[in-house]
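First chain A sits with chain B, and in the next complex the same chain sits with chain C.
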Partner chain A sequence: MNQEIDLETALRRALKREHPRADFAKRVLARAAERRRQAATRVWMAIAAMLVAGVLIAAGMRNYELQREAEAQKAGHDLALALRITSAKLHLTHRMIRRRPDGV
Partner chain B sequence: MTKREEQRFEGLLGAHQAMVYSIALRLLRDPALAEELSQDVFLQLYGKLSTLESDDHVKFWLRRVTVHRAIDEARRSKLRPKTMLDQIPEPVAIRREPDFLLDEKLRKMVAALPEKARAIVLLRFQEDLDPLEISRVLDMPSSSVKSLLHRTLRLLRGKLERSGTKTAKLGLQA
Partner chain C sequence: MEFKWRIAPLLIVLAARLHAAPRPVDLKDLDSHALAAFAAKASNTVDVTLDGNVLKMAAGFISSSGDEDAVKLKKLIAGVKSITVRTFEFKTKGQYSKADVDAIRKQLKTPEWSSIVTVNDKESGETSEVYVLGGKDKPGGILIISAEPTELTFVQILGTVDISDLSAFEDLGVPDVTHHGKKEDK
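Take a look at the complex of A and B:
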């Protein structure tokens, strides 16, 4: 003679919750703490990266400004030289004209 | 995360670890994999805790995430039953079956069910959810939950009866 069972009651009994290992919570908390540390490290690394990027951008801009200043200075010198040469040529031409006997 | 949230997380971890682990274990049938998945679920909760206001919401979220992740993992790892329900040998009928043998037999039968059917049986009999709650966890119509639960119980009952265990003809509380 077989035992008659109520399947649903039997399933409830058979499928009772089981507990994980005793140190489960401890290990989850350790992983959470590790994740927190990693997140903090990532924040600091992002801040450091932004600072480095800021310094590089500032240095680049300063370098660009210096380059522009140097170019402007060189252009100024070139202009002054060109004006001096032109002035000398004009002066020479003027003297040559004044030396001609017919005065033309 | 504030100190208060840390304490809340620790409380929730203590309160729900057995639920999460049991769902994962019975869907994955591998204690190590189940524990790893349970840890991942709690870590996901850790990052999301501030958006989950009530503890009921957290419980619902944990069940939902665990079931979906475990079903995905089971499918990915090809953990489909190595022994299908029909392949489980039908034990010789014994005069009086001790409970632990019956429990073991039922657990094996449930473990051999397809993932969706297994999840429904677990949520119904392990977590004591009604079909409407199960349908919310699994994102499926409650009518589908009811019919799948009904079919699965009929299948299990038939299998048990063929193995010599008579089951009471009770109406399904689905």
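Take a look at the complex of A and C:
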């Protein structure tokens, strides 16, 4: 019988309603606000990372484009130079042939 | 099945022979020591090598203007596989010998090249040789060796090209860039 009373007392004590500390609500709200702030920061950081990646990709593509353009320009100049020299040498050969007394 | 195995070695030998068929010596693959000797004495050099994608890129750049001359030029080089030009300018006469030029000619002028003109002007000391690869009607390449007292030029164009069109190139409205790529006077 005594044991039953002890158990009941123990249960009553354990299940006794306790009031939270005075700053409990304040701390819960502050934690929720902090979580919201962290989530927003993560979103903004992701957006910023995407923007930086986009800018880097665009800059890389533009750089590649400029490089190809410079290479094409150099190749074009080289081609013009090569053909001009070739033509000049063919003209020289022509002139030399015409200068010959037999005029072949 | 047995027959296939019997002809396999024959096919291998045939493929090897085709692969080893004589090909024109490319000016750009020429022994660099031979040309380096000229370059060492030259006051100006022009070294142009255009082939494959670079040639396509060059043609694309020149023809991008879309004018009549550009179209002609694009047509002119449509069948060209490679263009190699080596020019050496010397400040004084006698910087190279005939034997030096003969050595280069010996390497370049393989039996596939036929001479179409060789002019030797003893008075001016100029020599000009033009060779074509394959048939004269539609040559598969042009080799020019021009030796002047103070200038030596080797030009090799591989691929189909019309010599008369090439001669007319000076008349096309492409800007004169003759001094582009020359090395500084020593």
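A few notes on this one:
By our rule, the second predicted complex is superposed on the first by the 80 of 104 C-alpha atoms of A that agree within 3 Å, B and C clash if a C-alpha of one lies under 4 Å from a C-alpha of the other, contacts with A are read in each partner's own complex, and residues count from 1 in each chain.
As a convention for this text, a contact is a pair of C-beta atoms (placed from the backbone, for glycine too) under 8 Å apart; a residue touches a chain by one contact, two chains touch by 3 or more.
Since this is a predicted model, take the numbers as computed values, not measurements.
In the superposition on chain A, A:Ala75 makes contact with chain C only, not with chain B. In the superposition on chain A, contact is made by A:Phe24 with chain B only, not with chain C.
Contacts of A:Glu8 after superposition on the shared chain: chain B is touched, whereas chain C is not.
Of the two partner chains, chain B is the only one touched by A:Arg36; chain C is not. Contacts of A:Lys16 after superposition: chain B is touched, whereas chain C is not reached. Once both structures are placed on chain A, no chain A residue is touched by chain B and, in the other complex, by chain C.
Chain B makes touch with chain A in their complex at residues 1, 9-10, 13-14, 17-19, 21-22, 25-26, 34-35, 38-39, 42-43, 46-47, 93, 95-97, 99, 102-104, 106-107, 110, 121-122, 125-126, 128, 153, 156-157, 160, 164-168, 170, 172-173. The touching residues of chain A, counted against chain C in their complex, run 68, 71-73, 75-94, 96-97, 99-100.
Put simply, chain C touches chain A in their complex at residues 46, 48, 50, 54-55, 57-62, 73, 76-77, 83-85, 87, 117, 119, 121, 126, 128, 130, 142, 144, 146, 148, 153, 155, 157, 163, 166-170, 174-178, 180-181. Interface of chain A with chain B (complex): residues 1-8, 10-21, 24-25, 27-29, 31-32, 35-36.
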